[in-house]
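Below are structures written as structure tokens.
Both of the next two complexes hold chain A, though its partner changes from chain B to chain C.
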Partner chain A sequence: MSILHTVNKSPFEKQSLSSCVAHASHGDAVLMIEDAVYGAVSGTAAAAQLEENKNISIYALGPDLNARGLGEAKLAEGVNVVDYNGFVELAVEHDKTQSWL
Partner chain B sequence: MKFGIVVNEGPYTHQAADTAYQFTKSVLEKGHDVYRVFFYHDGVNVGTRMTVPPQDERHIQRNWSELAEKYDLDMVVCIAAAQRRGIMDENEAKRQGLDGDNIAPGFRISGLGQLIEAGIQSDRLVTFGD
Partner chain C sequence: MNDMADTGEQTIKKFLYVNRKAPYGTIYALESLEVVLIGAAFEQDVSLAFLDDGVFQLMKGQDTADIGVKNFSPTYRALGDFEVTKLFVEKESLEERGLSEDDLMEITYEDEDDDWEEKPSIHLVNRSELAAVMAEQDVILSF
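And now, the complex of A and B:
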């Protein structure tokens, strides 16, 4: 059974991204939305934690990246960009969705 | 696939009411069903038709009302959360002795059981909030 985790707060504001990545199991996906997309920027402590964890798939919501001026060139390795349709597909592909609010 | 959507944050606060709208719209456009959208906590504030944002700005309540009309969505506002925040339909306003109601088109007021039921009936329950 796999879970799609969504995180919506910046890792520089709250610990939810870090807690989420630490709790996620093999085969799970973590999707950063809203201010959490700051966690996808290469060179930050948050991105380092994402890059370390090879058991889970990491995604960031494209429209929220664009709204904050974060192009794909700025993203950490292994971060996949999806749009809202991709968000829906991730929710379909995983058995449950857990929102880290 | 059947989706249930929970909105826990009000409009124009952070982004949850917008993200929930965009997600729900994509779910419907991809041909999935939405069993129910449940507005809880400050999320109930999306359901007032008295919202008047500047003309060049997105109208979050109207976006939801139009989506509900287009896809015949069931959009439920939690009654206890709504009463605290002054969101009333005609019946509730009368029952409370108030001089008017403000519920927006497409929304209805009901209890928390509707959220539980949405959780049971939906294949996926996705929560948006603060």
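And now, the complex of A and C:
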């Protein structure tokens, strides 16, 4: 029973991303959307937490990255970029979704 | 402010707009920009501060085509035409977010007191320098 976790708040303003990652289980996916995509930038405390958790897959929504001027070169290792279709696929692949608001 | 109404003479005050929110996720950044543009008509001494997630507002290369929201980032580069020429960006906020000045848009203005020479509007300041900027203001508006 795997979960797709979505997070939409900046990790520098709210604890949502950190709490989400701390509660995600093996086989779960974490998808950063809206202001949460700032958590995908390499060299930050938020990215370090993502990188050290090898049990979960990490995704960021491309259109939200582009809107904020975050190119692939700025992203932390292990962050997979998906488009809206990829978002839907993730929702289908997992048994349920949990939104960290 | 009463002085202005009574005498008709200009009382110039120091206004600081404090920007602490990322663009697009909430409406704060756009609202701030709109108020700055409206306020520019009153010919006050205006400064803008960008700290915490506010530094994200100035990221270069923003492209909102796929999120259905207007990209208002080019407007920051037009601020110089409204005589808004002092944008203070906090260094620590950039560093905590894995960013440097190179990640920000180039924003300049033409200095009318210096033969219209093009000068940078963005000033990188550290936390204590920004505190000093805040301390010298007459009015602070927070977003």
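Here is the rule we use: the second predicted complex is superposed on the first by the 101 of 101 C-alpha atoms of A that agree within 3 Å, B and C clash if a C-alpha of one lies under 4 Å from a C-alpha of the other, contacts with A are read in each partner's own complex, and residues count from 1 in each chain.
Simple rule for what comes next: a contact is a pair of C-beta atoms (placed from the backbone, for glycine too) under 8 Å apart; a residue touches a chain by one contact, two chains touch by 3 or more.
Nothing here was measured: the structure is a model prediction, and the numbers come from that model.
Asker: For A:G69 in the superposed arrangement: first (chain B), second (chain C), both or neither?
Answerer: In the superposition, A:G69 contacts chain C only.
Asker: Who does A:E34 touch here: chain B (first), chain C (second), both, or neither?
Answerer: After superposing on A, A:E34 lies in contact with both chain B and chain C.
Asker: Under the stated touch criterion, which partner chain does A:V88 make contact with: chain B (first), chain C (second), both, or neither?
Answerer: First partner only.
Asker: Just checking: does A:N8 make contact with chain B only, chain C only, both, or neither of them? Give me first, second, both or neither.
Answerer: After superposing on A, A:N8 lies in contact with both chain B and chain C.
Asker: Between chain B and chain C, pick out the one touching the greater number of residues of chain A.
Answerer: C
Asker: By the touch definition at the top of the document, which applies to A:K96: first (chain B), second (chain C), both, or neither?
Answerer: first
Asker: For A:A22, is the partner it touches chain B (first), chain C (second), both, or none of the two (neither)?
Answerer: Neither: A:A22 stays clear of chain B and chain C.
Asker: Check whether A:A48 is in contact with chain B, with chain C, with both or with neither, and answer first, second, both or neither.
Answerer: neither
Asker: Find the residues of chain A that appear in the contact set with chain B and again in the contact set with chain C.
Answerer: Looking at chain A, the two contact sets intersect at 8, 34-35, 63-64.
Asker: Along chain A, where are the residues that touch chain B in the complex?
Answerer: Touching chain B: residues 6, 8, 33-35, 63-64, 84-85, 87-88, 91-92, 96-97, 99, 101 of chain A.
Asker: How about chain C: which of its residues touch chain A in the complex?
Answerer: Against chain A, the touching part of chain C is residues 21-26, 52-53, 56, 59-67, 69, 71, 73, 96-99, 103.
Asker: What residues on chain A touch chain C, complex-wise?
Answerer: Residue positions touching the partner: 8-10, 12-13, 34-35, 38, 41-45, 47, 62-64, 66-71, 74, 83.
Asker: In the complex, go through chain B and note every residue touching chain A.
Answerer: Listed in rising order, the residues are 1, 3, 8, 14-16, 19, 22-23, 25-27, 29-30, 32, 124-130.
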